[in-house]
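Each of the next two complexes has chain A plus one more chain, namely chain B in the first and chain C in the second.
Our next item is the complex of A and B:
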C-alpha cells in the first residue's frame, strides 16, 4: 500500500517515530552528513546522496563493549554487556546500504550467531530512500541493486512536494501503523516516473557497466597470482579509510580497556590493510602492503562470493571511490582485473 | 554513532559465544626453559567443556590479552584440559608468571579436529613433531593410545633444539615409550652431554628411518620443519592426501567472523586448524 506525506511535515513524522522508537537518520553536523539519533534540533539532511560513514554502525558499532571483568581477591567475574532491547528505525538508507546489511547478516547471523548483532537486527526497522540523483561514483547496478526500488522494510521516494512511503515487510507495515495518522493513501503509480528517471540516470553512469564475470570464471589462484596486484597497490597508503567507510567491511578486533573497576573488553572495527592485523609472535603471513591490498579485494570479489552463493561483498556505494586519498578503489581493481564494461 | 541507546536498556543477558568461562589453573608444569603446561578446570573443579583432538580454545588474562591455544590434553581425559604454552609475547609472558589457583578466562572449543573417528580410524599413524608442535599432536596421540584397538601401528618422531627443549619428556619416556606397539624416535638438533639418542634435524632423521608409506602422517612444528618434512615424505612416496597438519594464524573471534585468519575462502579458526596437505595446496600460500 502506497502512502504519502508532505515533505514539509516530515518533522512531525520523525517526532512520531521518535516517540516510540530510537530514530537514526542522516544529520548534518560540522558540514558532514552521517547517521545520528534524531532530535528536534538535529539538522536532518536527506539531500546528501551518501553519508560519509555508512549506517553500518547502527548494527555493528565502530566500538562496543562485549563484557566487563573484574578481579577481586584472585577471583574473576564476568559481566556481559546487555543486548539491544529497544526498537529503532534507520531512516533514509540507500539501496546499496540496505544490501550491505544483507552482506553483514550472512557473516554475523551464521552459526554461531553473533547475539549482539542479532539483537540489533531484530530491533531494527530499515526505511530506505530511493536515489533521485545518483552520482558518478555509484555502481550499485553492477551488483543487481535497484536504487529506484530499495529492498528495505519501508521504501520511500521524494517526488515533488511529497514523500511516498511503501511498507515492504511486516516490520515495515507495523511502522506504517505507528505513523498512520501522518500518512495519506496514494497511488502506486505516483513514483513510477521518478523510478524510470532514476534508472535512466543510472544506466548512463560511467561505472554502471562494469563486468564481474572475470571474478566468477577465473580460478581463484589465477586471480591471486596475477601480476596486476603489484602494479595496482603502489599508491596505497595503508590508511584503512576504505575499510572504515565501507558498509560491508566486517573485520573486527577485540581489545581491553582498563577502567578503575576492572577491564572492559570491547570490539572495534579493524582493517586488513594494517600490518598488525595478521601479526603473530612467530611472524606475519602478509608482510607487504601488496599482500594486504590483494587480501581486501580478493575477499570482496572472490572469497566472500565463494562462501555465499556468488553474492559479492561490495554494493557499489562508491564511498571508497570518493574517500581514498590515493585514488585507489575497487572500481580500479575490477577494471584492471578485466572487468571493464 | 555514539548516541545509540541500545546498550543502556534493561537488556537481557543471553550469553554471546564471545563471552568466556572462568578457568582455574590447578597445576603448572615447567616443560622446557620457555614452555609450561597449564592444567585448567572450571570453578566447580570439573572439565570446562568437551573437545576433540586438534581443537583449540581462547585463553585470556583480562587486561593483558586473549589468544588461541591448542588443547594438548586428550578428550579421553575426563578431568581437565591442558595447554602447553610457549613464552613468546605479552599474554604468554603473563601466563608464565601465574601460579596454581590463579584464574583465567577460557572459551571454546573452536575449529575442526583431526578425523580420529573417521579417516584416521583403523589406519597406521605416524606422528611427526618439532618443538612446541607436539602440543596439538599430544592430544591425538593420547586419544589414540586410549583407544588403541581402533588404530593400526603408532610411530612418533619428535625432535627439538636440545634435550631441555623436548616438551612432555616425562610422559614420552614413561608412557609412550613403554606402550606396546608404539615406536618413539627422539632427536635433538645438536650433540649434548647426557644425551645418548639421535642427533640431527627431524627431516633428516625421517629419511634415515625411512618409514613405509602404508600410513597416515600427522605433522606439526615450525614452518621450516614442516616444509622439509613434507618434501622428505614426498620423496619417500607419500601422497599429500595422506598427510595432515595444523595451521596457525592470528585470531580474535574464533568463530569465522573477525576476518583475521581468513585465507582464500577458508577461516582457519572454524574450517581448520586441521588441514590435509592437498587441501592446503588449494589455498593461497598465506600461512
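Our next item is the complex of A and C:
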C-alpha cells in the first residue's frame, strides 16, 4: 500500500516516530552529514546522497563496551553490557546500505550468533530512500541492487512536494501503523516516472557496467598470486579510511581499557590496512602493506562470495571511491584484475 | 605542460639518469588521479597525468622511494618542495637518490568543493580556463576555477621551488597571487572566548573516525612506529575511549609536528570528514612567528629550527614560566 506525506511536514513524522522509538537519520553537523539520533534541533539532511560513514554504526557501532570487570575486597565481578532492548528506526538509508546490512547479517547472525548485533537487528526498522540523483561514484547496479526500489522494511521516494511511503515487510507495516495519522493513501503509479528516470541515469554512470565474472571464474590462488597487487598497492597510505567508511567491513578488535578498579573490555572496528591487524602472540601473518591491501579486496571480491553463495561484500556505494586520500579504490582494483565492463 | 613533463621523464629514464619516476597516474573519473611509480616510457605514455587534480604531495612517498636502489625522479609542485626540504633536514630522504623536477602550478582543485556547488554525476572536468567546464550525466555545468581551489591554495606560499634539479613550467623566482592572510581564520578563533573555541573544536573533532588519513598523508609524520599504533599504550589508534580522546590524538599530533609542519595542507585535504586540521598547525606557526620570529619550515635545509634551538633570549610563554618569574 502506497502512502504519502507532504515533505514540509516530515518534522511531524519524525516526532511521531521518535515518540515511540529511537530515530536515526542523516544529520548535518559541522558541514558533514552522518547518521545521528533525531532531536528537534537536529539539522536533518535528506539531500546529501551519501553520508560520510554508512549507517553501519546503528547495528555495529565503531566502538562498544562488551563488559566491565571490577575488583572489590578481593572479589571479582563481571558485568556484561546490556543488549539493545529498545526499538529503533533508521530513516533515509540507501538501497546499497540496505544490501550492506544483509552482508553483515550473514556474518554476525550465523552460528555463533553475535548477540549484541542480533539484538540491534531485531529491534531495527529500516526505512530507505530511493536515490533520485545518483553520482558517478555509484555502482550498486553491478551488484543487482535497484536504487529506484530499495529493499528495506519501508521504501520511500521524494517526488515533487511529497514523500511517498511504502511498507514492504511486517516490520514496515507495523511502523506505518504507528505513523498512520500522518500518512494519506496514494497511487502506486505516483513514483513510476521517478523510478524510470533513476534507472536511466544509473545506466549512464561510468561504473554501472563493471563485470565481476573474473573473480568467480579465476581460481582463488591465481588471483591471490597475481603480480598486479604489487603495482596497485604502492600509493596506499595504510590509513583506515576505506574500511571505516565502508558499509560492509565487519572486522573488529577487542581491547581493554584500565578503569580505576578493573577493566573495561570493548570492541572497535579494525582495519586490515593497519599493521597490527590480526596481530597474535607470535606476531603478524601479513607483514607487508601489499599483503594487507590484497586482503581487503580478496575478502570483498573472492573470500566472501566463496563463503556466501556468490554474494559480494561490496555494494557499490562508492564511499571508498570518493574518500581514499590516494584515490585508490575497489573499482580500480576490479578494472586492473580484468573486470572492465 | 603534461606532455613536456612526460617527455623529459622518458628521456631521463632512457639515458638512465633515473630508474623510476614518481608522478601521478590518470584516474578513471577525470579527477581521481593517484600517486604512481612509472618504470618505463610506455607506462608514462599510457598513464602519466599532470593537471589541477594532482593535489597529492609526493614528498612523503620519497621516504620509501629514497630507500630503493637507484635514483627516483619525482615531480614536485612549489609547496611540495617545502615538505621535501624539511624531510631532507630531518635526514629522512637521501638527496643523492632523488632527481627533482619542479613543476609549475596554478593551484589544485578540491573535488568536494565542486560537488558542494551542486555539480553531480561528473563525467569529465576541463580545468584549462578560468571557468571549469564539467560534463555530467545531468548536463554541462560551469564554475569559476578560483572557487574550487583547495584550502591550501587559498594560502599559497608562493610559486617558487625551494629545491629542484630542473624546472618545467616555472621560473626560478615566482610570486604567488595574493590570496589573503593565511592566519585570518586563526585570528578569528583566537578572538573567541575559551568556551566558544572549545565548542568549535569539539564540534569539528567529534566527526573524527580515527582513520589516520591525516597522519599517514602528513610529510612531517614520518615516525617508523607512531605512539598511537603501539599496543603497549591505552590510546591505540582504533577507537576513542571517550569524546576527549579524539581531541587528544589531534592535539598531540599538532604538537609533534609544530616547528616542522610546512603548512602543506595534506591533513585537511585528505580528511574524509572535512575537519579543518590545518588550523591547529597554523596556530602553532603563527605563535612561532610571534615568539621566535618569522620562520617557514622547509624553506632551507640548514637553519636552526625555533623549537629545537635554545638561546637565553628565548621567549618563555606560558603559565609555568610566569610562575617561575615570581
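We adopt the following convention: the second predicted complex is superposed on the first by the 335 of 341 C-alpha atoms of A that agree within 3 Å, B and C clash if a C-alpha of one lies under 4 Å from a C-alpha of the other, contacts with A are read in each partner's own complex, and residues count from 1 in each chain.
In this text, a contact is a pair of C-beta atoms (placed from the backbone, for glycine too) under 8 Å apart; a residue touches a chain by one contact, two chains touch by 3 or more.
This structure is a prediction, so every number in the text was calculated from the model and none was measured.
K.L.:
Both complexes share chain A, so when I overlay them there, do chain B and chain C fit or clash?
P.N.:
fit
K.L.:
Given the touch rule stated above, what does A:201 touch, chain B (first), chain C (second), both, or neither?
P.N.:
second
K.L.:
Return first, second, both or neither, reflecting whether A:182 touches chain B, chain C, both chains, or no partner chain.
P.N.:
A:182 sits against neither chain B nor chain C.
K.L.:
Touch test for A:300: chain B only (first), chain C only (second), both, or neither?
P.N.:
In the superposed model, A:300 contacts neither chain B nor chain C.
K.L.:
Look at A:52 in the shared chain and tell me whether it touches chain B only, chain C only, both, or neither; answer first, second, both or neither.
P.N.:
second
K.L.:
In the overlay, answer first, second, both or neither for which of chain B and chain C A:86 touches.
P.N.:
Only chain B; A:86 stays clear of chain C.
K.L.:
Thinking of the overlay built on chain A, is A:171 touched by chain B (first), by chain C (second), by both, or by neither?
P.N.:
A:171 sits against neither chain B nor chain C.
K.L.:
Where does A:4 make contact in the superposed view: on chain B (first), on chain C (second), on both, or on neither?
P.N.:
Neither: A:4 stays clear of chain B and chain C.
K.L.:
Taking the C-alpha centre of chain A as the vertex, compute the angle to the C-alpha centres of chain B and chain C, in steps of 10 degrees.
P.N.:
90
K.L.:
In the overlay, answer first, second, both or neither for which of chain B and chain C A:141 touches.
P.N.:
neither
K.L.:
State whether A:238 touches chain B only (first), chain C only (second), both chains, or neither.
P.N.:
second
K.L.:
According to the contact criterion defined above, which of chain B and chain C contacts more residues of chain A?
P.N.:
B
K.L.:
What is the minimum C-alpha distance, in Å, between chain B and chain C after the two complexes are superposed on chain A?
P.N.:
Here the least C-alpha separation of chain B and chain C stands at 8 Å.
K.L.:
Taking the stated contact definition, name every residue in chain A that is touched by chain B in one complex and by chain C in the other, in rising order.
P.N.:
In chain A, positions 34, 62, 253, 258, 270, 279 sit in both the chain B and chain C interfaces.
K.L.:
Which residues of chain A touch chain C once you look at their complex with the stated criterion?
P.N.:
It is residues 29-32, 34, 49, 52-53, 62-63, 133-137, 201, 204-206, 231, 234-235, 237-241, 243-245, 253, 255, 257-258, 266, 268-271, 274-276, 279, 321-323, 325-329, 331-332, 335 of chain A that touch chain C.
K.L.:
Which stretch or stretches of chain B touch chain A in the complex?
P.N.:
These residues of chain B touch chain A: 1, 3-20, 22, 62-66, 88-89, 92, 101-105, 222, 248-250, 252-253, 255-260, 262-265, 282, 284, 286-287.
K.L.:
Which residues, counting only chain A, touch chain B once they are in their complex?
P.N.:
22, 24, 34-37, 57-58, 61-62, 64-67, 69, 71, 74-78, 80-86, 88, 107-108, 110, 112-116, 119-120, 123, 220-221, 224, 250-254, 256, 258, 262-263, 265, 267, 270, 272, 277-282, 285-286, 291, 295, 298-299, 302-303, 306-307
K.L.:
So in the complex, which bits of chain C are touching chain A?
P.N.:
27-29, 32-37, 56, 61, 111, 115, 120-123, 136-138, 203-204, 206-207, 209-213, 215-217, 229, 231, 234, 236-241, 266, 269-270, 272-275
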